[in-house]
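Below are the structure tokens for one structure; questions will follow.
As written, the chain order gives the labels A, B, C and D, with residue 1 at the start of each chain.
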Amino acid sequence: MIGFQTIATTSGLIIGAVCGLIPLMVGIRLRQWKPALIGFLACLFSGFACGFLGGLPMIIIATAVVISYSYIAKDDPFLSRASIDEVDFEESWQDSILRQMSSLGRTTRAATRALIRNKAGFIGFIGVMFFFFMTVFGPSLIDYDGQAHYYDRMKPGAITLFQGPSREFPLGLDYQGRDVLSHMVHGGQKLIITAVQAGIFTTIIAVILGAIAGLIGSIPDRLLTGLSNFILTIPQFPLLVVLASIIEFDQRIFLALLLAVLDWPTLMRAVRAQVLSLRERDYVEAAISLDLGLPHIIVREVLPNMISYIVISLIFSIRGAVYSQVGLVFLGMVPFKEPDWGVMIYMGRQQGALFLPEASSMLLSPILAIALFQLSLVLFTRSLEELFNPRLRAGL
Amino acid sequence: MMQASHPPQAPSTLSQKLVRALTGYTARTLLQGLLTIWAVITFTFILIRKMPGNPVDIKVEQLMISQNLSYQDAYNRAAGMFDFDPDAPLLEQYLDYMWKLIRGDLGRSITSSGTPVLDQILRYLPWTLFSVGVGLFISFTVGIFLGMAMAYWRGSLFDNVMTAFSSVLFGIPNYITALLIILILGVQLEWFNVGEMLGGVDQDVKAGFNYDYLRSVMKHAFLPVLTYVSATVGGWMLTMKSSTISTLGEEYVTVAHARGLGRWRILTAYVGRNAMLPLVTRLAISIGFVVGGSVIIESIFLYPGLGKLLLQAIGSRDYTTMQGVFLVISVAVVASNMLADMMYGFLDPRIHVSGDR
Amino acid sequence: MNEPLVELHHVYRSFKQGRTSVQVLQDVNLHIAPNEILCLVGESGCGKTTTGKIITGLLDVSQGTVCYKGRPVHDYKGREHRAYRRALQIVHQDPFASLNPAHTVGQILSFPLKHHGMVEGRGAVRRRIWELLTLVDLTPPGDIVNKYPHQLSGGQRQRVSIARALTVQPELIVADEAVSMVDVSIRISLLKMLHRLRDELQVAVVFITHDLALAKYFAWEGRIAVMYLGRIIEIGPVPDIIGSPAHPYTRALISAIPEADPEITRSKARMQLRSEDIPSLTKIPTGCAFHPRCPFFVPGTCDVEVPPLANAPGFAQQVACVPLTEGYELRQHQPESVLDGP
Amino acid sequence: MAENDVVLRVQDLSISYLAPRGRVRAVSRVSFELHKGETLALIGESGCGKSTLGLSLIRLLPVTGRIDSGAMLYQRRDGKIIDIRKLNKNQVRRFRWAECAMVFQGALNSLNPVIRIRDMVYDTARAHGEHNPNKARRRAMDLFQRVRLDFERVFNAYPHQLSGGMRQRVLIALGLLLNPQVVILDEPTTAVDILTQRTIIEVLKSIKDEFDLSIIFISHDLSVAAEMADTVATMYAGEMVEIGPVNEVFYRPHHAYTLGLLEAVPRLSVGAEELSSIPGSPPDLIEPPAGCKFHERCPFVTESCQVELPPFVAVEDTHRAACFESDRVLARALEIHDHERTAR
């Protein structure tokens, strides 16, 4: 899922800088100083964050934004008021690329504005970004404190190794005297990745099955609806507990798959309903009448009007996956290794941290982190709603 | 082209409506429900037997450790304790179980020295029903009123504060809320002594309809109920707000104002009733999940509910008890879905209880 | 008369509604010649939209045959089938729902052009879009082409819808209430444009409307088919039907319509129906479906046999009314006072 | 008020809405009078402010709407004149429906779907101090029969059990429940079928005479106005551009917009006819054009139209119009009229 080998290293920085040169130079040529600089920084940053995976796409986006600032479609034949015979409709490929780049740039700018416009949504966005960066950069900045400490960190007169926050250990020490902060930084990544995977699997299953049920109808529809009703009748979390004890999770991706298998019915029903309603739209009927073919109808007519719904559902699935995942670990039903936020809560509770005031920080840290992450996701959907509103793209 | 001009129909009385509801449609739904329940039983039956280890093995392990017996001795003791043959073929076990079930026998608990599963469920169920039920009731009522108020004064400071508040509540998982309540309210702020409030009731009070007992029950239910309320009230508030906003935009509300109706009458009969319709279905469906309780919350507060029973049964591989709990929950879910349909048909005269939805 | 473009022979259509099935069309016979104008007129629920969709091939018939250029449409396979489907296009009623909100006007028009290779090359596509927009009076095209549907007015959207239908060079356009949601002052220009397109591009137009006055204006040289509860009850040239309507239902419609002229509309003779209630499609009356409301109702005749469309003495059009076609004089019953209830 | 039979006098009324882009001037400086027993038709296209005007008369503007200036003087049955604009909340509530009722367009959504018609009748009666349900029931029975509804069956029905036409008639009956002086009808015949429309028109005509009502009839449909109205007023872009007796306005229009509308409507009784649309589209009401708001679409436009706002002046005795070129408009109208007459 995240295949960045060059995350947060000097080589990543170099990749970012090289990538950033392109928008920078384009910007300087077009005399768009500010966009050029922002483009350079964006490339630098995403190169640093994700290596080539981040740097290369950012070149295109940043360059497009830079171009969009100075692009004037002086040769757009549609802006001409001349008669049809005097207008040249042919367009060189350079012009075409330029035009498309600028439209991509404008979309990006509009998207950025949409992201910022909704206050709650923007807070959510910042929260999501915070957790993303914490799990991506954090591990290379803070070393993992995995070894149990015994008496070297124990305060005189204390009975346990737990410690509240101090200057040296901002989040305190856990039951083995280990730095809680390092566990926080190293323990979130897998949790978040598994949750995202589960969310993606759920969405893929639900969208495909929902589309099949909605578009084909008849027997597949009845089967799928029956299956989803069946799954929804079984109490989800207990079932998960039972399943978790049957399946051995040597790899977390299996857990993600299992979560997806249980989570798809709700979304599938919603997708089915959406497809059914979109299928009846006049513009879909027009496309059928124009014989544009099923692929066109699905990809160009139906999907663009569902994408916002799908992405928001994805976010909610991720949220649900965090819930179930931590819940399972919390009950000790899946043997995940440290570092892991869920394991921290589990071990903390096992070691009696619940009722020791000085141990609170060991429990509070993962608890608050999970709460904040969930909250950020919910808030972020507000921005996504604005982001995918087709009206926005025209609001330039 | 298919303007739904409803077939002319004499307005019906309440009893006629009930009679209509109880014929045709109900028969079909009941059959469907039974089928679903059967599928759930079968599915969970297979699943449960596929879990690694069986009750005998686990007991053997326990005995070997606690009483220092050899494997053979422990096995003999354990096998004698349970009315269960782990080596019987799955199909035979299944048919046996189903046959008993048809006669209303849920079997006996494998691990709790032969207590009938039904007795066990009946002992744990009231706690769950009480705590989750009260929680649901409080959070639904509070959510409805606050949601309506938020919609009515939308854009005001009250609305903004409450929207942020409900988003926060909605965003945090319930067990996280439970832990936060213990950690912050209990341990850090010391508002109450959490240790005393765990479990279902104080040991030293006698069960019965007296002040001490009820007080003790209330005290112990307080934390789970608080958790349930704070974990769900945000969702109700937000849903009710958006439902009310769309109802406020309906023309019949404007017409009601034009007719000079009092504000209170409009708010209840015109706005409230219509805005609540979609929520009622969801409430009915939630009632089904009341029965299941919450495995995690009950285990955090050591609350003697069905969720805790299930968790114990899973831990000791008590097949019959697990099976029984799953059955009870599924029946409740199916029943509440039917209830949702019927309630909707009852509250919304546009929908005839005829299954044409 | 040249060969009909589309023919409907004894077409029936029913829809499932829950467990019951509703007969929406019964025994509909129609033929549309190339470049003809045909108006389908009737009240809501009469089946005019369903007929329109069957004509364009968007809906299948439950019974009966539809022919395109003399051959049943199910004979068309592969390439021919696609050509047949493309030749028949529809323009919807609601200008807010008929264009995909996710695409610009330029994209909406370019999809069919590119998909069917109607023109070669990018430049040619753009040139064709310009032409089409000019054709539907959306000038200058540059003001429209990059806009999203929500940025256009209702009238402009309807023009885009028409331009989209024209991308595939159809032979027939079904305009389903295409102007009823557009402001009064703009309707006429849309109709004039449709007329002009018909003349310039030689397309036939099936104009579906509930507004007889509009139908009369648009289709003066064409024909009108009046529909009631799933059947065509009268069909013929516009001046004849408007000037001397035969079927009691058509007469009722024409007498009921108010006119934008105070003196005429106040002096108009109004026909009194026996009942205001439109029967439900699930319970269509026996015999002539109009008989429970018809002031000329002949017991024993009208409520027994389903009247076929036939010529009636003294009328140029065909009408489905037994007393009329058998040459009786219609005599009006005393209107009784009828109260409506559910 | 000078004349005793003026029920409602609107003076210089301006209303605006707050929109994200700025203030939408929905109604600007509208003045007119409504006499006892008169039917006034407000005609115009969507967005011309006619519905806003109607809503403001019972003080039911949406929260973003605001009455900027003007007065709405209403003469009660006891002869006392009140300004609707100055009523307090409670007075407004009592004024609504008892003095001035409004029947909305889209009868489907005007009735609360979850309560029976009878409860809506009782609600309305109770809100205005009539606590005896039998009295309300008797009054409703009378009214339902007058609008040709089967009382026993309709009274106990839910709205969804009625057809569109029946619902519309229920609303009309409901509107008359408290015996108001003025009834505002907002597009009562839009979105119903032709025969249903005829029933509603006949019902309206009969109740108007029986109850001596003053009716404000809001519609975009010129033909219904031609049949129903005593006086016709045309509105364009928030302004009243012409008002006069129905025959005057239809046969001797003095405003170019009225003429344009008349020329855009097909008539069944005329054979092949020459019609034309008004080119262009209505102006932006946030930044309206200078001068006459119609000048961008007007075939009679002159230079002064583009700069100066034409005054709303009497062109004949009871006929007023806001057009600099009213003479030319009238001449053109008469020319068309003559042409038609000879053609027939």
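Heads up, the rule we're going with is that a contact is a pair of C-beta atoms (placed from the backbone, for glycine too) under 8 Å apart; a residue touches a chain by one contact, two chains touch by 3 or more.
None of these values were measured; they are calculated from a predicted model.
When C-beta pairs in contact are tallied for every pair of chains, the largest tally goes to C-D.
The chain with its C-alpha centre at the largest distance from the centre of chain C is B. Chain B and chain C have CA centres that are 54 Å apart. Note: centroid distance chain A to chain B, computed from Cα atoms, is 31 Å.
Centre-to-centre separation between chain A and chain C, using Cα means, comes to 50 Å. Shared interface positions of chain B, defined as residues touching 2 or more other chains, are 5-6, 8-11. Chain D has residues 153, 157, 161, 163 in contact with two or more other chains. Of all residues in chain C, those that touch two or more other chains are 44, 278, 341-342. Interface of chain B with chain D (complex): residues 5-6, 8-11, 250-252, 254-262, 265, 269-270, 273-274, 277, 347-350. On the chain A side of its complex with chain B, the touching residues are 120, 229-230, 232-235, 237-239, 241-243, 245-246, 319, 322-323, 326-327, 330-331, 345, 354-357, 360, 363-364, 367, 370-371, 374-379.
For chain B in complex with chain A, the residues that touch the partner chain are 36-37, 39-40, 43-44, 47-48, 50-52, 163-164, 167-168, 170-173, 175-176, 179-180, 182-184, 187-188, 194-195, 289, 292, 294-296, 299, 307, 310-311, 314, 322, 325-326, 329-330, 333-334.
Across the interface of their complex, chain B is touched by residues 58, 60, 93-98, 101-102, 104, 106, 109-116, 119, 123-124, 127-128, 153, 156-158, 160-161, 163, 171, 174 of chain D.
Put simply, chain D touches chain C in their complex at residues 45-46, 145, 148-154, 157, 161-163, 165-166, 169, 193-199, 201-202, 220-224, 226-227, 246-247, 250-251, 260-262, 264-269, 271-273, 275-279, 281.
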